[in-house]
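Each of the next two complexes has subunit A plus one other chain: subunit B in the first, subunit C in the second.
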Partner chain A sequence: MRAFDTMNPAAVTVTLILAACITIFSLEPLLLGISLICAATYFLMRNGRRHAAFHIGAIGMPLLFALLNPLWNQHGTTVLFVINQRAVTQEALVYGGVTGLRLAAVLYWFRNFSDLMTSEKLFYLFRGFSPKLALVFTMAVRNLSLFRAQMRKIQTSQRALGLYREGHLIDDLRGGMRVFSILLTWALENGIITANSMSARGYGCGKRSSFTFYRWEKGDVALLLTALVLAAAVIAGILSGALTWQFYPQRIPPAMTLQYFGAIAAYAGLAMLPVIYEGKEMLTWHCLRQSI
Partner chain B sequence: MALLAAEHLTVTFPECEAPVLNDVNFSLETGDFAVLCGATGCGKTTLLRMCKRELSPLCSQTGGVRFDGEPLAALDAKTSAGTIGFVMQHPEQQIVTDKVWHELAFGLENLNTPQDIMRRRIAEIASYFGMEDWLERDPASLSGGQKQLLNLASVMIMQPRLLLLDEPTAQLDPIAAADFLTTLHRLNQDFSVTILLAEHRLEEVIPQCSRLLLMDRGTVVMQDAPRTLLSALPADAPVMAGMPAAVRLHHALGTKGDCPLSVSEARHMLMPQLCCKQDALPEPDPLPETAPALTVSDAYFRYERQGRDILNGLCFSVRTGELYCMIGGNGAGKSTVLSVLSGLNRCYAGKVEIFGRRIQDYKHRSLHQQCVTLLPQDVQTVFLRNTAAEELAEIDKNYETVLHDFPFDLKPLYPQHPYDLSGGEQQLLALAKVMLTKPRLLLLDEPTKGLDAQSKRRLADVLHGLTAQGVTVLMVTHDIEFAACHADRCGFLSRGALISADIPTRFFSENAFYTTAASRISRGYYRQTVTVEQIVTLAEQNGGCR
Partner chain C sequence: MLVIRSEKIRRVLRVALPFAIMPAMVLLLPRGLQAQHYALVTFLMTGFALLLFLAGFERRELGTRRMILVSVMTALSVLGRMLPVIKPITALTVLSALYLGPEAGFLTGALSAVLSNFIMGQGPWTPFQMLAWGMIGLFAGLLAKPLRRNRLLLYLYGMVSGFAYSMILDIWTTVWTYGEFTFRQYGAALVSSMPYPVVYALSNLIFLMLLAKPFGEKLARIGKKYGL
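And now, the complex of A and B:
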């Protein structure tokens, strides 16, 4: 088994998006708790003790929402106390806590996603849609940084030539305009060279293939299928109403049926996929190192 | 059968009367390593481009080019792209993508190569070129030499049979250039790739090549094995200026026998023919003692607080009206010295004095107003306007009167766009623009980069003209030959400190490795001869050849 982040980016993306989306569309505290714990554990496994501020912010989210929700939400029947002639109900408090939990879990999932998906992986996903557009995209990214570098070079060299008086706003503005216009000329000049170099290497002589380091191996397919099957089970549970809580006017949890536990277990399986892959990898590595 | 052959190729650009290429005939066999030389503007680039269909300029053409017996136009698109490789001058602009592995894959992708083959080819080529460690990197983070090797590798990955190269080392420093040329030679030897290389850095490449093509005014005037061709070359041919020192010496002395091509051949074939009774030229007159234009004492500078010292106790001074060349390897801190002297960076310890005043006492950019000017390595960054004339008028409306004693006639350049000028002309126009700001101290960063022998000589004339007018010139350069021929004094910078400084004859004759070809040829026979001209003068004083 490979580490989660070395799996095929498409399988990784599908797993993470499914885990996050189910979290977004669910208000079942147990499911949200599992989601938060799994996402946070994976984040900790990858980052260790860094990003303390992010953890504090995310953990504070349920508390903050639990405190804030009763302030403008008067629904619910169990009144805890009254401030300024406004009733603070138990149901509003719990509802706020649950939404906060959901937000915290989703934050962790997205943070994991952006950590995992480097520009190369995004490019790989993108080229599935259009290889040509993907190439244009890489070239644009590259040219932007070239422009920035050239602009800095021109500005430095103009400064060293002593063409502008210090603190003279109009001089500086005029200088900026000129630098910009010559930058366009420079870009066109360079564009011709790049275009020549492209056609010299056969760009545009028929169908292109597209190289990538990522392949679909058995493990990737297995990951994708597992994620899809588990997600389908959870979604079936959600659609059938087995996971639906009623918060107002009174808190009514769903019935503890087999379907309920089945769906929760399926979600736990889905959310734990990254942790399982990472944990297995860490364990294997640890054992291997012991034997060195 | 010849792999590449041009037959009566005549090319005329639209709206031009005179042809750029006029009845060109030549042929290359498989495995040839051919060097194409000739002055700038003689049609080398056009000829190379006519051999690569995708890059052929819009023109009217008679005669034609055949590849492997077939006319170029008859090749199918994929064969033409894959079997004829082309590498251009600019390392940066030929790169298309933002990852080294993707750049390597680019050509294969265009030919619709299956994944498995691409994977293998990339691995192979990366290991052959020693670039496995950079595969994941952004090409922008590579050095110029590495970029050019990447360009070569991303052409070689398509397994071409013919490689065309248009001055690929012009923008590289000598070490990177030698590396590149060695790699080319190795490709030629290992895979018998046929190579046609246009080049003006001939010192290293002529001993390695198997054929030499000499171009003049749009036609190939001579083609033969290098030794035969160079032995027959008239001594006053314009291309002689760019030839290796051994060849120039052979012709200047009129020695008997075949022409030597390399330093060691010259030592064995040429020097024994000379009489060495008097073994040194008289000492040149000492330089006039003028006030220092610039004094640096114990300067330390680093870019980052935690980084290493780039200037490391630098001490040196430059006299007013002198042409001072600072040489040194890559990363010795040459460009940093200039950035500190031009006030772009400030050293954290030590003293920098310019015309007797500390550099921090020049307030409000007054350092740059009629005092110090820096001409950067990439002279294109100096230009902001659409014509050369506007460029000069931007600084001074009366540029024509101010520049009347500029030692080069710029008038023909006035109506042209600065980007359309040749490298040498750009350098001179930038110099003229800089001179209009009336600097007393001129700092130059690698001004001879990418210039041919003739443009270098012109640049030297201009610089001598300026020093005669009292301008002090400090240039940093990799170009040892230029420094030996034209500098008043040379300094050697190593790891941020100036190791030695002296007049060129003493400076280069005391160096054993970092020295000119002429000095290496004459070592042990003559003392203190560091240019071909000095050897010739001394030999004549000794009574010429035996």
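And now, the complex of A and C:
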């Protein structure tokens, strides 16, 4: 068992996308809670105490939604109190909280996804789909840092030429426009030169192979299959209506059947996968350090 | 689509299938489904339409130069998206579509959306942004001739695409918050997002006004210099 971020990117992507997509399309508070806890735990395991602002924003989401939803939602039968002749119902409050919970969980999953997927992993994924697209994508990523560096150079030289006045709004805007214009000329020209040298070296004649770090090993296949089977179980549960809550006009939770608990357990398994892989890795590291 | 011999029918289908037939299915299919699955269907269909259209590029001869220029324009618009409030992403997509063709426009728009979202935050809205910006580029490329000739028409296109972008994204907002799509809820979502479409339209206008002329000149200069 390897660390989660060294697994085959396709297996990792499928696991994360399935966990996130089921979260997006579900309104079951228990499932959403599990989803949020797993995603946030994984995020914390990878990042430690950094990104406090992100945590505050994400955790505040359910509260914000719970408070805002009753303002434009008048459904529900249990009136808590009345403001400005508008009834604030308990059902609307709960529904808002649940949608906020969903958004928070989804944000954590996507944040984890962007953290894990480095550009070379994305290249690997795109490559299977379309080599041309993969090339355009990687070159765009590379151009991003290239242009940033070039922009800094242009700015420095403009400043040295005395074309800037510090803290002057109009001058700043005009200077910014000029820098962008110079960058644009340079970027287009640089692109043409790159293309010319690529075709001079024979890009585009015949089929090409590309280098990659990633292979399919037994562990990758196992991860992919586990994720698919667990997700299939949850989706079957959702489609059969075992996880469907009714919020309006009255809150009716789904019946506590075997199917309900089965689907929830399957989802918990799916969402725990990254945490399990990461936790195992941390444990091994801890033991190795202990034995020194 | 390999079975269809006529080049013309294939070309029409390649645009019609992702952008006309599949959206129609999105609107018609869930009539029989529970409201809860509506968001899922919309999401999957959008993703599928994108994949279908992008897969078409593999078999197309886009040319090395055009591919490289698309990557250059994508990187520039991602850099531009970090500006506060006004974003040049639509203007740059439209411009690259005008001079590099509809496919290049679609690619620039769609790729800029994915790439910049790695900085701005990925989410379930990413496919919708890709589709919205991609379509703005695609149609700009299809209308390239009149748009290049008439500057006012170009500005109008920029402003309209600002509103269109917001309207496409509000389809997702509606489906996601209400779990279903009715025109009343869609209207409410449109109204509640009100300041944004105007900001989009204005920033497109500003950037097109600033960039349209120099961009054409720069490309012409490079064409002369390298003999394209």
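Keep in mind that, in the parts below, the second predicted complex is superposed on the first by the 219 of 292 C-alpha atoms of A that agree within 3 Å, B and C clash if a C-alpha of one lies under 4 Å from a C-alpha of the other, contacts with A are read in each partner's own complex, and residues count from 1 in each chain.
Going forward, a residue touches a chain if its C-beta (ideal position, glycine included) is under 8 Å from a C-beta of that chain, and two chains touch if they have at least 3 such contacts.
On a predicted model such as this, the values are computed, not experimentally measured, just so you know.
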Is A:153 in contact with subunit B, with subunit C, with both, or with neither (first, second, both, neither)? first
Quick check for you: in the superposed arrangement, does A:139 touch first (subunit B), second (subunit C), both or neither? both
Could you look at A:25 and tell me whether it touches subunit B, subunit C, both or neither (first, second, both, neither)? second
So in the superposed three-chain picture, is A:259 touching just subunit B, just subunit C, both, or none of them (first/second/both/neither)? neither
Once chain A of both complexes is superposed, is A:205 in touch with subunit B (first), subunit C (second), both, or neither? first
Would you check which partner chain A:114 touches, where first means subunit B only, second means subunit C only, and both and neither mean what they say? second
Determine, under the contact definition given at the top, whether A:90 touches first (subunit B), second (subunit C), both, or neither. neither
Quick one: classify A:185 as touching subunit B (first), subunit C (second), both or neither. both
May I ask you to decide whether A:244 touches subunit B, subunit C, both, or neither, giving the answer as first, second, both or neither? second
On subunit A, which stretch or stretches are contacted by subunit B in one complex as well as by subunit C in the other? 135, 139, 141, 146, 181, 185, 189-190, 194, 196, 198-199, 203-204
Residues of subunit B touching subunit A in the complex: 52, 54-55, 77-78, 80-82, 85-86, 88, 90, 92-99, 101-102, 105-115, 118-119, 122, 138, 140, 151, 154-155, 158, 342-344, 364-365, 367-370, 373-374, 376, 378, 380-385, 394-395, 419, 433-434, 437
Spell out the residues on subunit A that touch subunit C in their complex, using ranges where they run on. 20-21, 24-25, 27, 99, 106-107, 110-111, 113-114, 129-133, 135-137, 139-141, 143-144, 146-148, 151, 177, 181, 183-185, 187-192, 194-196, 198-199, 203-204, 239, 241, 244
Subunit C residues within the subunit A interface of the complex: 34, 36-37, 39-40, 43, 51, 54-55, 57-58, 62, 64-65, 67-72, 74-76, 78-79, 107, 111, 115, 117-118, 121-124, 176-177, 179, 210, 214-215, 218-219, 221-222, 225-226, 228
In the complex, the residues of subunit A that touch subunit B are 120, 135, 138-139, 141-142, 145-146, 149-150, 153-154, 156-167, 178-179, 181-182, 185-186, 189-190, 193-194, 196-213, 215
